[in-house]
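Below you'll find the structures, each written out as structure tokens.
In what follows, subunit A forms one complex with subunit B and a second complex with subunit C.
Then we have the complex of A and B:
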């Protein structure tokens, strides 16, 4: 029986207004988007249909623990709560992030005596000073294992204005997890060709936007300057990684004069700096191809199991690793996450 | 303007040779703006090309290598008689057809304008110029094929332009920008274009166009990179966006004869994106009422990808990947002559798996464009 680390779980407030209990007085009565309030909500709800009803999906720690650990077979779960989108008032957004963090500690991390829940410090990249301050406030908490930011942004994360945030994260040894956010914000259309006309057109495309963050983090030299910086793309999107990294490698050779600080092939930054969580949309539909496909761009060193619970696309460990060989499976199910987060000495010592 | 009846290829003494290589992406240029202007309707001549202070109007926000000095064109492709690379049909024939060994080449001019009516006139002007300068007397050998340039901003005008050229013996496809100002390819907005192209058996190819005016830059959903290499490495995601829209929004059922060619946007992403579409279709079929078949089936039937720029990857690994994709019926060779990132046929061919080479180098394009088995040999061939 191997150990399993679930690197991508979204805990939720019991009800949308619960966040107001964690906001300071001046912000308690502000307009704040709800979690499932977005242009591209899944028809019928974003979350697993069987989880609606008795409380909001993913909102009860005991139920979540039961689903993930007892039923799902995971040993650890990294909790990465959504916030409410890149709302126009970036200072309010920072307060929302802080409230989410306080709630996560209060409701999930502190009461958990088993040590199986680990947490994410949510910050708002549109408020760089605030984000750095929030990292400094919480980085030393033993259960906080990463920084969390939205996929949505009006500038890719390699641009220089964000760098103080990445410096703070790297200084504390905390990876930065990028995840499609909830709520509603001032965002561009989600595909390169504009708005999607269907929910699947949105949901299938959106994770691929992570490549633009990745490409700019490499080409702007962020990874080169910050050797300890790690990025996690929690929605997957590694199916397009090999084609686009090959393309970036190829063009880089012709463009080195413009970005001379990129002193190696862009793909050579991946192993030291980049991880992806598994998703229900990545990879061959024919499991017979999976093992071979996984070896392109050394994906077995980059991919970590993430259930995406309680999302409708929640995947079980067996489904997420179908078709992989034993070594690939061990890396995906726990080894990569264990090394990245420095968690689970118990896991590292366990037989696989 | 040349009319179709004026084209009488000289088929006199030249020998017939077998078609071995079809190049699906070649860029002709007018030898000067005054030549191009001469094909424009008089009232438009000064409106389409306003004169001003610009000495070197750099037509893009992202500069490709050596763009200021060479316009990112191959310096060795500059015709001895003068003009920019790609502006002399005879020299291009010598360099691309005779020396590089291309049997038939698809000519795809690049142009755009800010406003729909101006763009329509500009595209029509390019069509008249292409037909006259490249596809008439200079095409005595029948080895050039042209793209009908159309504006995507005014689909009804575009459909009329397709009708205007549909009977031409050498106009072989419709060329539409992928920079559609926020309208995905699967939108009914483009139906008049697809209907006209389908009616005449013309594939619709799409290729990067200019980058000015600003709104022609696709807005990357998480913001735009600063440099050409991260910008253009991400460019295939524009094609992925259009492809998902074509499939999910029902364009191929509305237009069963429609064929789309994604030019110069990579092709190694095709299979993973087919998996991705299949996976979400399997899980959320109820949210895709216009999708009547497996998404990857639509791609195999309706979509082609051109090869240049081939990625610089270890040849064995690359061949193994392409073999894994199993899309030998959907990939078509291209050089991008005379642009800086030109892929030579002899360099490219060994990067394809042996059993896919014939289809990639010529077979798929011959079928799609209904090309002949033989062409006239040029002097020196």
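Then we have the complex of A and C:
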């Protein structure tokens, strides 16, 4: 068994008030919504059924380590905590991101002597100056391997006002992970056409918003200007990648002269700039089709295993790679993440 | 392939094109700043009459200007009337994907007479 890197884990606070220990004095008494304040709740609960009981699911480092490493077979886990609540105050939201980062270091990363937990610097894109400052504050921490931002955004991430954040991330060689986040800023409709009424409508379509961010990052020239910038879409959504990239490539043939900074087919930016985490909802329902489907649009080089622990849709390494051939499986389970994050080279049996 | 007379050179001044009934789809003979070029009247995308589209320039990335764009190669670019694909008349290359070429032909001038080999 080779190395397994779990690139998508959400650790949680033990209880709602825990965040207050990490907030600076002016913000300590501000109202902050509960961890679970979301518009769409999964039937049966958001988290894996066996995790309800002692404490909040995914909140105890030892239990999480036991589930991911001893039971799940992973060697490394990239922790990407969500940030709390629907709050319009963007300055407060940046302090919440900083509190989440300090909490992640204090409770998860620094006590972990095994080096298996790696972290995400959460920043608030609504506050560009604050986000850049937070990257500068923590980018040199050896266990912080990426920047984290919400999928929900007032504008697509290719818009120029966000570019200083991407410049800072690229300058430090840190990928930017986009993850659906119940909080951080005000919430937005989960589909291009407005609000879904039910959880299935939400869960099926919400991850697809990643394509709007991706398309603008290509077309507005952000990837072209920042060769070291990498984006990770942590909620999957790669099953629509092929038809939408075909569409983008087709339009580019006809309208190249309007965006001459795009100097190659839009699809040719993917390998250098884009990764996805596996998702329980992506892929053909017939596993016999998976191997061939995975080669469309070079998905073998783009997709990294992510368990999505502790959510109800938590996926084990074997299930996330069912139907893949050996080479595809190695890329998904460790190679793609190892190259992206520069980790996995110390573990036993690692071919890197 | 055969070499055929097109017209006297004074009937094909710079900036003009003559569509010649040659081959299956016709061939456009262009005078660009005094140099003669010929391309098939057949877009490599879906077979549209390429030579009936506009001839103009194209754009280039200009990182130092405010609009990040500049106009270049004026008079050298044929634009397909169906889907806007751009081809450089002087080379036959598609600007977005050089592999998607349009066929080019040899043009020469002898004693003031333009000849096309197509």
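The criterion applied here is as follows: the second predicted complex is superposed on the first by the 340 of 352 C-alpha atoms of A that agree within 3 Å, B and C clash if a C-alpha of one lies under 4 Å from a C-alpha of the other, contacts with A are read in each partner's own complex, and residues count from 1 in each chain.
Rule of thumb we're sticking to: contacts are C-beta pairs under 8 Å (C-beta built on N, C-alpha and C of every residue); 3 or more make two chains touch, one makes a residue touch a chain.
It should be emphasised that the depicted structure is a prediction, and the values quoted were computed from it without experimental measurement.
If you put the two complexes together on subunit A, you find that subunit B and subunit C both fit without a clash. Within the superposed three-chain model, A:292 lies in touch with subunit B and out of touch with subunit C [touch as defined at top].
By the touch criterion stated above, A:280 is placed in contact with subunit B alone, subunit C being left untouched.
In the superposition on chain A, A:220 makes contact with subunit B only, not with subunit C. Of the two partner chains placed by the overlay, subunit B and subunit C both lie in contact with A:252. Using the contact criterion defined above for the overlaid structures, shared-chain residue A:260 touches subunit C, although it does not reach subunit B.
Looking at the shared chain after the overlay, A:152 reaches subunit B, while subunit C stays out of its contact range. When the two complexes are laid over each other on chain A, the CA centres of subunit B and subunit C sit 50 degrees apart as seen from the CA centre of subunit A, to the nearest 10. Of the two partner chains placed around the shared chain by superposition, subunit B is the only one that A:203 touches, whereas subunit C remains out of contact.
Set side by side, subunit B and subunit C differ in how many residues of subunit A they touch, and the one touching more is B.
After superposing the two complexes on chain A, the closest approach between C-alpha atoms of subunit B and subunit C comes to 5 Å.
With the contact threshold set out at the top, residues 252-255, 257-258 of subunit A are in contact with subunit B in one structure and with subunit C in the other. The touching residues of subunit A, counted against subunit C in their complex, run 221, 225, 252-258, 260-261, 263, 265. Looking at the complex, you find that subunit A touches subunit B at residues 42-43, 151-159, 187-201, 203-206, 208-209, 211-213, 215-216, 218-220, 239-240, 242-244, 246-255, 257-259, 280-285, 289, 292-293, 296, 312-313.
Partner subunit A is touched in their complex by these residues of subunit B: 65, 178, 180-187, 218-230, 232-234, 236-238, 240-242, 244-245, 248-249, 266, 268-269, 272-273, 275-284, 286-288, 296, 309, 311-313, 317, 321, 324, 340-341. For subunit C in complex with subunit A, the touching residues are 45, 58-61, 63, 68-69, 83-86, 94-97, 100.
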